[in-house]
Each structure stands twice: as structure tokens, then as C-alpha cells.
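Sharing a structure below in C-alpha cells format, with a few things to ask.
Letters are used for the chains, namely A, B, C and D, taken in the order the chains are written, and counting of residues starts over at 1 for each.
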């Protein structure tokens, strides 16, 4: 039974990775999960300088989901390489670093400083976080800006480059195509959907930042649709995420066209979600005599049977 | 002994309209919790009636209240949908639990005279400490009204001195625990006595405690609350502002030195969010 | 206690209306709800000719929500006026007709034939249904197309014109502004968010139409955020909807800037949802001594308190 | 007497691994259901443990199984999360119910000889009819295995003739109800006998029934299923294809003349959705 998949030049032992920002720097969950079993570890989004992030409250639960406005708090690339990476090097699981910047130069800077570090196997560009200033969001929502920033980063890095797409766009297929043409090795989607909540007693937003990003099972139908649309638009592999709670969900994303899947908020509800999902996929493949997991990718049956 | 385990509800007793005492038995045991630590508790999603039901979604943090021969206890107040659902979970229902999490209350040194200050549900996090410090600590416990005061006999047993207060004066002194604490400190302070405050309760009370701590130069450990997603330091959702920047309540806390906390009403909105209209 | 609000030239006795397509033609729920109590009745979307709609299955439940691909099945404008309107005329509640077309001419045709009919008090243009052909969706997702179709309709109708916006766009504030400038008396949002679901056993989409529209509490945080964004962009009234289940939800939308609210999927779960919400709002106003409901509109407190 | 009412669970009895029999008492009474009609049943959202919990979201349709002195009964198969949650709802739990909904089975005329054909859970919608037609109807009842066959004594009591079959032959004739029905019709048909078929069961069985109906010129009423949101004709979600276009199962159905239904595998995908890849 073969679960291995490839993302760019990365060979993953299975398609299950962690979604950036929901698995810390790996260490936090190493007590619950054997990190060696994961397809890949995607760490919390990093920037050149460390970031303080947004004021609290940063989390609010919503029906079958949650809003967060963490605001990209992180310890900075240098801090990560010094304090966190050594631990991750102990495992034979590819480490993918999610990163972002406020300007194209910052993106390029960051990519450069991450590309030739031992123990960093791939990069995921976050151009889609809905928690930042309006001027910033346009990276992920404007095709031209996306093309520019991805091309610029592509020029300075040779390692696997994943572009993480924003769901807050009119045409996800177009954005995926733009990323592909700009040189991305893969696209990952979806990031959180911008949302908000209000406390009617205090009349105040439940998040100090007013708006935040919606994640969890609530957004799964939207994420699945976007993966399917992207799949029909590009030839590079897709990493699907958004509300994946169990192996059935993961398989649904692969049938829609995902080569890899990322587990996000599910980690909070079930710290062993990632391995549970890997085990579940293996069970499913055994039950349905699926020899190679690649058979599932894009396997949705949409042809008329009549 | 994993810190993520399945637990069975042994008892889920209603104490009064708003408070329940829940005893759960960790299957396969769990680490020994220390006073001040907490658990993230959610419904077991592998079994009905909760299989694959995602509302409520997140686990809920609850302090370790006490350890009994039967199992671990938490004392919880019925607040919203999560605790309401928990109230209705009967004996034998399975829970999925992460913990014990966070840092316990630092133990007092020999010379310290511990003062335990609990406001309302704050007792949930301090009872276990009171038990540990039996015979040593002065306990200040207050609530809105008398029938919200719980476990008075136990507290009487643990306390070197017990000071009760209620907002309506129905039991104990009329007023807040802070009034009583201040009286006490004014009456019973001397250059030689070294007090150490442990406090848990409403935000406003904790804020006042930190002022008392600063004004009187008494170290105060407080247990603070923030909304949490993961409980294990991964999501950065439980940030609280401290002198050294944002700290994670679940990991650097929930117990903090009162002077570390930078108090705000938690709504420092970035200017971009000021409304255009009105 | 005053609950009355105005939408264009319409005076509503309260802000609570029904969301198009979730309340049939009014008749279906008249047994459960006193239609005279409603702020307005918005009927199922109509087109010039009757429509068959999409093949089944058309409904699939999702976590805290549902997908539908009804596909705008309707009895046609003529059929509505003949068979359904006479019943609705018996109530003193404004009737707002939701309509759509495949071309600008069809929109104009439809608007014209609806504008001078006794018992039709307002029009809601659906330019945002995600269940139709790609060529069609651009009405609601392309600013130019939106401007054209709304302006054209505005020219031929004098009665209150509400433009219903699609959430499947990058910038909802822009779309709201375009509708306003094109002459809309109000905007309503949000329509359903495009989504899908797959049965991993059969590998088939759970909806015969493959994709459908997501509605229910799952989308409430997104809808609320979009209403708030639109509120800060336009001066015309906003009708907010998306996952409103109870009066607290309705008040949340009004605080975010909605002048009116529409109850959709909630009707399925609780046939008396609309009146329950009206009663709940009255209770809330009494408890908080709010004399006029207009005090709530845009009442969110977003100013820094420090 | 409203068709939307709160009901209390009087009993929720497990019959076997997959089937439960639920008896509910409509508070304030309800309209008298007729055989073939159904209820939309959901959890009462105004009370814990389900207050404001939206997963599962929609109500579920269930046929009236029988009326007892205690209340209304439904027989349900544990399928997914809704029925799983329902199984765990204990006595005294409140449900919100809409109904009775839809059109009942048309009653036979004097000369008609009713044939009741139930496959598996299909019995849930036909038991009440069997009771009504006690002594008149031939009943054909089949399941995969013997232990899935329920209420045999009652059926024996109601039936003029009872024909049992199981796929594995563990009880009754080995084979499907259709085989047995066909045998019967072949043996017992004459120019003068006028049969009338009532059928409920898996889609494939209903499809076969409509063929039998056409081939043999016997009128057949079948109860069909579609996913539903509202149950009252408002959402147009429960469309089924008929000779006269799409009809709503909840309103024009759930009982249809078998010949009206245009059978398809329900996946006539518009060409736009053919995949580009593979």
C-alpha cells in the first residue's frame, strides 16, 4: 500500500501535513504525535522580524468553527532557526516554513534567508492572511500583485515553493493559475475566510481586531469547492485544507483534486488528529483495495451515468 | 501516562442553579495535576451522542478543583453552550481531556504567610491550593449572594482564618473580598510579616489585586483567563499582555505575577477599525 | 417601542423579513406564521418563464449549515401573479419579489412586468446565485456587469429596488458601492457561498449539480463581516442575512449596520423563526430600554476605549 | 391543533443493532396522521442539551409508524449523525416536530385487493396501512437477514396472507420481496382480480415495482425518499423527477403512482461539470 506523494521536489511518505499556525513549531504537539509519521510539518508563519500580533481576545468560537485574529505573531526567522529548527531536525519529516512579508522585498529577503538552511525543505508563501492591513491583503486578492510577489520569490529560491491562496477572492481558479504561471511548485488552499462576531450586550466585536479568519468544519464545503475549481485550472499539485476533521474529510479533498491535505483547527479539538487521519486513510485504502493513494487524487465521478 | 486521554464521567452533580461539580475518571490514568493547572475538556467525538458533531467546536478550559479517590474534579459554572451541554452529560458519558496544562501556583516559602483570595467561581482554581496549604493560609472568599458560596465546611477546615463576604451581605461581611482583604492587610501588617497572595476571580478583582500588590509591596499570583483554542501553546490564541509582551495564558500562565500583567479592557482596536459612520 | 424601519420607499413595521427561496411564496408557512406580523415577505426568485431547476439530490446537510442546488426552479412571473399573489394581497405586509434573468434584457423585461402590479411593493434583484452557468455568475461578481444590469433595471422601475449581492467576491464593499451608484435603493447580503460535498463511497458529488450554495449558521461570521464592510461603504440601507437563527443573531446584524434582516434556512429548522425573532427583538429592546430600533443600526462599538 | 409542536419522548426502544422504535407525546396534541404521512423531527433547540447547537442542522423526515394510546410512534434506522443522536435521546427529552406532512396512501376501493410490499425499513411507512387494511391485504415483507424482520406477530395478525423473504434465506423464502411478489402475481392473477400495490423500500426495489406495475397493469403506490430541508413545500429541495416535471416529495408526495416517476440514478450532471482532467 503506497501513501507517498510528491509536492515539487519533496517526497512525502503520506499526504497528511499540518496547517500553518495550528501546529505551532511542531514541538507543541510532539508529546501527542510521533512527528516522524507526518507527511510534512508546516510551521507557524514567519516574518523577517518577530511580530507581537493582535491584542486579545484573539479567538472566538462559532457554529462548527472558530474565528482567530492572532495576527501573525511569530518569533521571526532568525529566532525560528536558532530556537525551533534544531528540534525539528531530529525527525525525518520534511519541514515546510510558512512565511510572509509586508512588501515584495520582505518576501524576497525572507525566502532567501530560508532557502539554504539545513532542515528547511520547503517554503509556503502566505499571501492570504485576512488579519492584516488592507494594503497588504491585495497580495493574495489581486492577480497582478500575486504574480509579482510569487515571481520575485521564485527567482531567489530553488527549494519547493508552495503558494497559499486566499479564499476571499472572486475567482480561485484564476489565482491558482497565476501562482502556477509565476513559478509556484504547488498551491495550498484555503486560508481562513474573513469573518466577525459581535457581543450584543457590550456591542463590541468579540475579537479585539474586529475581524478574524474563519476556520473549521463550517468552511469545509467552500474549501472543497475551491480545491475542485483549482484542480481543473492548474497542473501543479494542490494541498487542500479547510475543516478537515477526520480521514473521510481528507479523502474528500483528495477526490476533489488535492495531492496533499493539511490538518488545521482539528489539532485543537483532537491533538492526535493528524495520525488518526493517516491511520484512517490506510484503513480506507485497505477496505477498498486501493494500492496507491494517487488513485484518489481528482477521483470524483462527475460524468453523467445516464 | 499521556496528557491526552479519554475520561468517563463518574458524577456530574448540580450544586446550585449555576454550578456543577464534575468528577471524571481518566481511563489509563493521567499525570498528577498541581494546584492552578487546568484541563481542556471536550466531548468524546468517537462515540454517540457526539460522534462527528462539531457544535460546540472547541474544548473548554477548566481548573483542577480537587482530586478524590474516585477521580479528578472540576467545579464549573454554567455559562454558555459548552457548559450547558456539559451539565447535561450524564454518568458514563465519555470526555476527551488534555492536561494537566499550564503552570501551577508557586508554593510559598517557609516564612511566607499565604493569603488565598477567591471571587465567585475563582474558588474552582484555589480549592486545591487551599487543601495543600491546609492550616497555613488565610482564605478570603466572596460571592454576590450567600447561596453562591460553596464548600464552606472544607474551607473552614483548611483555613487558618476564613473571611467571607457577599455583595448583598446575606452571609459574612457585606462587600467584596477586596474590602475584607484590605481591612485585614491594614490591621495585620508589620515589617516582619511577609504575605503572599493567591487570587482568582473576575478580571476587575484581579486588576485590583495587582494594585494592592504594587501599593503594599506584596507578591501576588493570579490565575487569568483568556479564550483558548489549543491549550498547549500552539495557536497563540490565548495571548495576555504582559510587561514582556504577549504571553500565552495556557503555557506561560494561567498563573502570573500580578505585576507582570498590563491591564487594558482588551479592546485596543487598531485605528483602521474606527468606524467611518456615526 | 418603535420597530419600524424604511427600505427605499417601503415602510416596514419591523426589520424582519424572509429570505428569498426559504419561505416559498408565503403560503407554505402561513399555517405556522401570522404573515401580518412580518416586516416584509420576500418570495422565491422568479424569472420570466417558469424554470425546472436542477436534478436531485438538491440538498445536503453540512456542519451547522446546508448546501442547496435548487437551481432557481420557479413558476414564472405570470404564474406567480395569477396563482400566488392573490393570496399574499390578503395581508398588510409588503411583498418583495426576488427576480433574475440570464440577460440584461430579461432582467429589464422581468422588472417591467413586476413594477406596476397591485400587491407587489418592492423588487429584489438576484445577481448572485451561485447555481448558474459561469457566464451568468459574472453579473454579481463583475462590477461592470453589475453596474450595467442594475442601471438598466433602475431605468424601468420606480418601486423600491433592492440588489442582492453575491458573497463570492473579493471586495463586497466595492460591489455594494457599484449597486448604490447604479441606483439601488438598498442592498441585501449575503446570498449563499458556493460550496460542494463528495460521497467518498460512491466518489460522486452529493449534489447532482456538483456545486451548491452554503447557508445557515456556518456562514454567519462571513455574512456579518460583509454587512459591516458594506455598511461603511454605502449610505443606502442594508438588509443583512446569513445564518440568522434567533433574535440575538438578528441584533448582531443590525449592530453591524443592517437596517433590515432576512431569515432564511432558520425557517426550515423552526417554522416560526421569523415571529420568534420579532418577539425576541421586542424583549431585548424592552430589557435594554431601547425606544427606537434604529438605535441599533450600525451600533457596534469599534472605538478604542483606552 | 398546530402542525408544529413540541413533543416529549415517552420511549426510545432499541429493537436491534440498527433499528429503534420511538414513541413521542405531542404536547397540546397534534393532527391525526394518516398512513403514508411523515413528520419532520428535530431536537428542541430552546432547551439544553441542545440549546443553540446547530450540528446536526436540519430536521429529519420519518414516517408515522403507528399510533398507540401513549402517543405517535416512528420506527427508525440508525444511519448517520442525526439518527445516531436521536438514538441517544432519552425519555423526557423534548423534540420539535412538524407534521403530519405529505399525502397518505390512497385507500383501496371495495373491489381492490391490496398488496403491501415492504423492503427493510420500508415497513416503517407501511405498518400503519397494514393495520388499517387488517384482514384485507396480502403483505410481502423482506429484509437482508431474519433478525432484521420486525413486528412479525402484528403483521401476521393484520395480513390476509403474509409472505416473508430474506436475502440469506434465514427466515422465509430465500430471495427478495420482488421474487415472491412476482410468483404470487403469476400464480394468483385472473381477469377479475384487481390488485393494488403499496410499496416502500430501497430505490431499486421501487423502480422494479414500477416495472411490475406497468407490465402487469397493476396500479402501484410507492413512498419515495429525497433529502429534505423544510418538509412543507417551501425550499424545493426534495424534487423528484416525474412525467409532469419535478415534484416535491414532501408536498406532492411522498406517495406517488409508480408510473409517474421518471427513474434515473439521480446524477444527470449538466455537461459543464464533466471533468476537464483525466
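Here is the rule we go by: a contact is a pair of C-beta atoms (placed from the backbone, for glycine too) under 8 Å apart; a residue touches a chain by one contact, two chains touch by 3 or more.
Here the structure is a predicted model, which means the values were calculated and not measured.
The fewest steps needed to get from chain B to chain C, moving only between touching chains, is 1.
Where touching is counted per the definition, the chains common to chain C and chain D are A, B.
Taking each chain's centre as the mean of its CA atoms, B is the chain most distant from chain C.
When the C-beta contacts at A-B and at A-D are tallied, the pair with the greater total is A-B. Averaged C-alpha coordinates put the centre of chain A at 33 Å from the centre of chain C. Averaged Cα coordinates give chain A a centre that lies 35 Å from the centre of chain B. Chain B and chain D have Cα centroids separated by 52 Å.
Note on chain placement: the centre of chain A and the centre of chain D lie 45 Å apart, centres being C-alpha means. In chain A, the residues touching two or more other chains are 62-65, 204-205, 210, 216-218, 300, 302. The residues of chain D that reach two or more other chains are 52, 54-56, 264, 267-269, 273, listed in rising order. In terms of which chains touch, the assembly is arranged so that all chains touch all other chains. Those residues of chain A lying in contact with chain B across their complex are 21-24, 28-29, 31-32, 44, 52-66, 68, 70, 73, 133-134, 204-205, 208-210, 216-218, 245-246, 265, 267-272. Interface residues of chain B, counted against chain C in their complex, comprise 54-55, 264-265, 267-269, 271, 273-278. Here chain A touches chain C in the complex through residues 62-65, 67, 141, 168-171, 193-198, 200, 202-205, 210-211, 214, 216-222, 224-225, 228, 243, 248, 251-252, 255-256, 284, 299-302, going by the rule given at the top. For chain B in complex with chain A, the residues that touch the partner chain are 2-4, 42, 45, 52, 54-59, 96, 98, 226-241, 245-246, 264, 266-270, 272-273. For chain B in complex with chain D, the residues that touch the partner chain are 48-49, 51-56, 81, 84-85, 87-89.
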